[in-house]
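Here the structure is laid out as structure tokens; the discussion comes afterwards.
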């Protein structure tokens, strides 16, 4: 496969990934269920909206998480020069977890008092973070990165890719010990 | 990062944004609930469709609003030459509100008699408008715009980006004082 | 706006349109409701699937219709050279009707015995066809088409764009006179 | 149509296909229904999640299947040089079956004890595999492939495209004879 073709294949892989990120991030809203009241009373509506707070928070949290995952993907793939088949599977598995995020989010938002949904959510993030780290290690290996990228930049991106799994692991431990933080809301 | 790479990163940011706009605009239809009648009587169907008027109106209004937001994004980003990290977060927050529009639309359509859903909808538009204005101010700052774009064009786009927040603020005030305009339909 | 920029804007308009077509065509499946039976009896499942025949037919019909609309869009926009603002609104309105197709499809599939849903579906197709005809007339006007495209090709595409509205108008009339053709299935 | 235009049309066909693959793969999660419990009991949540095992397995299986279909599409279309109208319809029909996969998946996941949903799912895969084989035969015919691609590569891709239909046919036969393999889970 010539160089031009490998670049175009990289573009297509990037494009497919962007599309899955964009769809998963936008599907989050589907799980925020619309209340349907038979009244004109303002208070009833405000109460119904207040009851949706866990859903709104879940939407925002997952939107920003998927957004951050996409931005990191954007930064790392922006450094690559050519496509390599070795990226296909780690990327596909990362996308699978991203596509699964709307479920994990809705599970947590629909059951705000319980510990298991929070552990499940944090666990999903942990898997996403580990897959992202694996993908970025492969992507930033010598040979795929564009010539001229300073090695410090590559090292910085590698370190950064430890951020999400670390945060998710901490969230997991916190959720285990402090299950019902939502009670304080 | 070289110039070519920065251009390609801008393309990817644009692409991701386009995808979120396109998905949010198309998801609007999901919230128009399909009536399911057990009759052949034409009148019953016409009545069921007439009862969906608020949903149809909400679909059309939000479609055109998101469409106008996309067109403005399309115009402004069409003037840019390079990618800048400073655009990432304002853009992501704008996309978050765009992705949230199907919820706000459905809330208003499902509760056509009440004031709070209308205020919520107008408030969502207001936030979208303010974020868009913030993003465009950053995007149209010197350094990102392609050389050769006349300054009048840039100024005009900056002014135009005040249109949506102004209209949304007016809609908010009108909804506050004239809550039940839907009653007249 | 320079020529290169106008080409890139055309690409972005094309891209956004493709995304809306792709999302609307894929969302069709959401309205095919999954039966959930509490039995192992093969016959019960076959019966439940047979009862979904109108949904399957609606899915296939609308998939092929949106597919044909996309292919025509693909052909016409493939002849264009530059972007023109005059295309934005007709294109956006066409996309609005395309995005609305999942509703019209589900309305017809969920109410297979009645005439109004069929008229509504045929009417939606008619509007889509007329908007497409309007868009293509504007797009194929002198000035936007790439130099070197034979005038016969342009004339042929203009004629072809009368196909969908004509077919939809015929379907509308047939549905009016022969409402319950589904009875014979 | 000039060579440059034919390349750009191929890109657009590829893009539309990618989008449909990406949407169908991401929509799979919608059919995994979120449990909503009114308890804080960890055991109840674990039980509810365990009951979702068929849905999780269906999600993963279909995600990987659509992912593999996309990767094969990606490989084959990466070898092409120009667009040909002859690819449009086989591609559209393949996309129709891909877009239908969320329904077939949900049917199987929602009815894990029964044979008909498994046969239906395997049958859908079989149709997808046959359409893919047909599309790839047309795409890899002389004239569309980029000059310089070794004939062995083309032959290998043709052989590989027999993999999915073969696997699906075997799954179909297994499901026929061993309907309730899910019982052992």
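Think of it as A, B, C and D in the order they're written, each chain with its own count starting at 1.
Everything that follows uses one rule, which is that a contact is a pair of C-beta atoms (placed from the backbone, for glycine too) under 8 Å apart; a residue touches a chain by one contact, two chains touch by 3 or more.
Because the structure is predicted, anything quoted here is derived from the model rather than measured.
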Review point. CA centre of chain A versus CA centre of chain B: separation in Å?
Key: 23
Exercise for review: Starting from the mean Cα coordinates of chain A and chain C, work out the distance between those two points in Å.
Suggested key: 33
Practice item. Provide the list of chain D residues touching at least two other chains, using ranges where the numbers run on. Key: 15, 19, 23, 27, 30
Check your understanding: What topology does the chain contact graph adopt: line, ring, star, complete, or other?
Key -> ring
Check your understanding: Taking all chains into account, which pairs touch?
Key -> A-B, A-D, B-C, C-D
**Study point:** Sites on chain A touched by chain D in the complex
**Key:** 1-2, 5, 8-9, 12-13, 15-16, 19-20, 23-24, 27, 30-31, 88, 92, 95-96, 99-100, 102-103, 106-107, 110-111, 113-117, 120, 179-180
Point to revise | Sites on chain A touched by chain B in the complex | key: 14-15, 18-19, 21-23, 25-30, 32, 34-37, 39-42, 45-46, 49, 59-60, 63-64, 67, 70-71, 74, 78-79, 146, 148
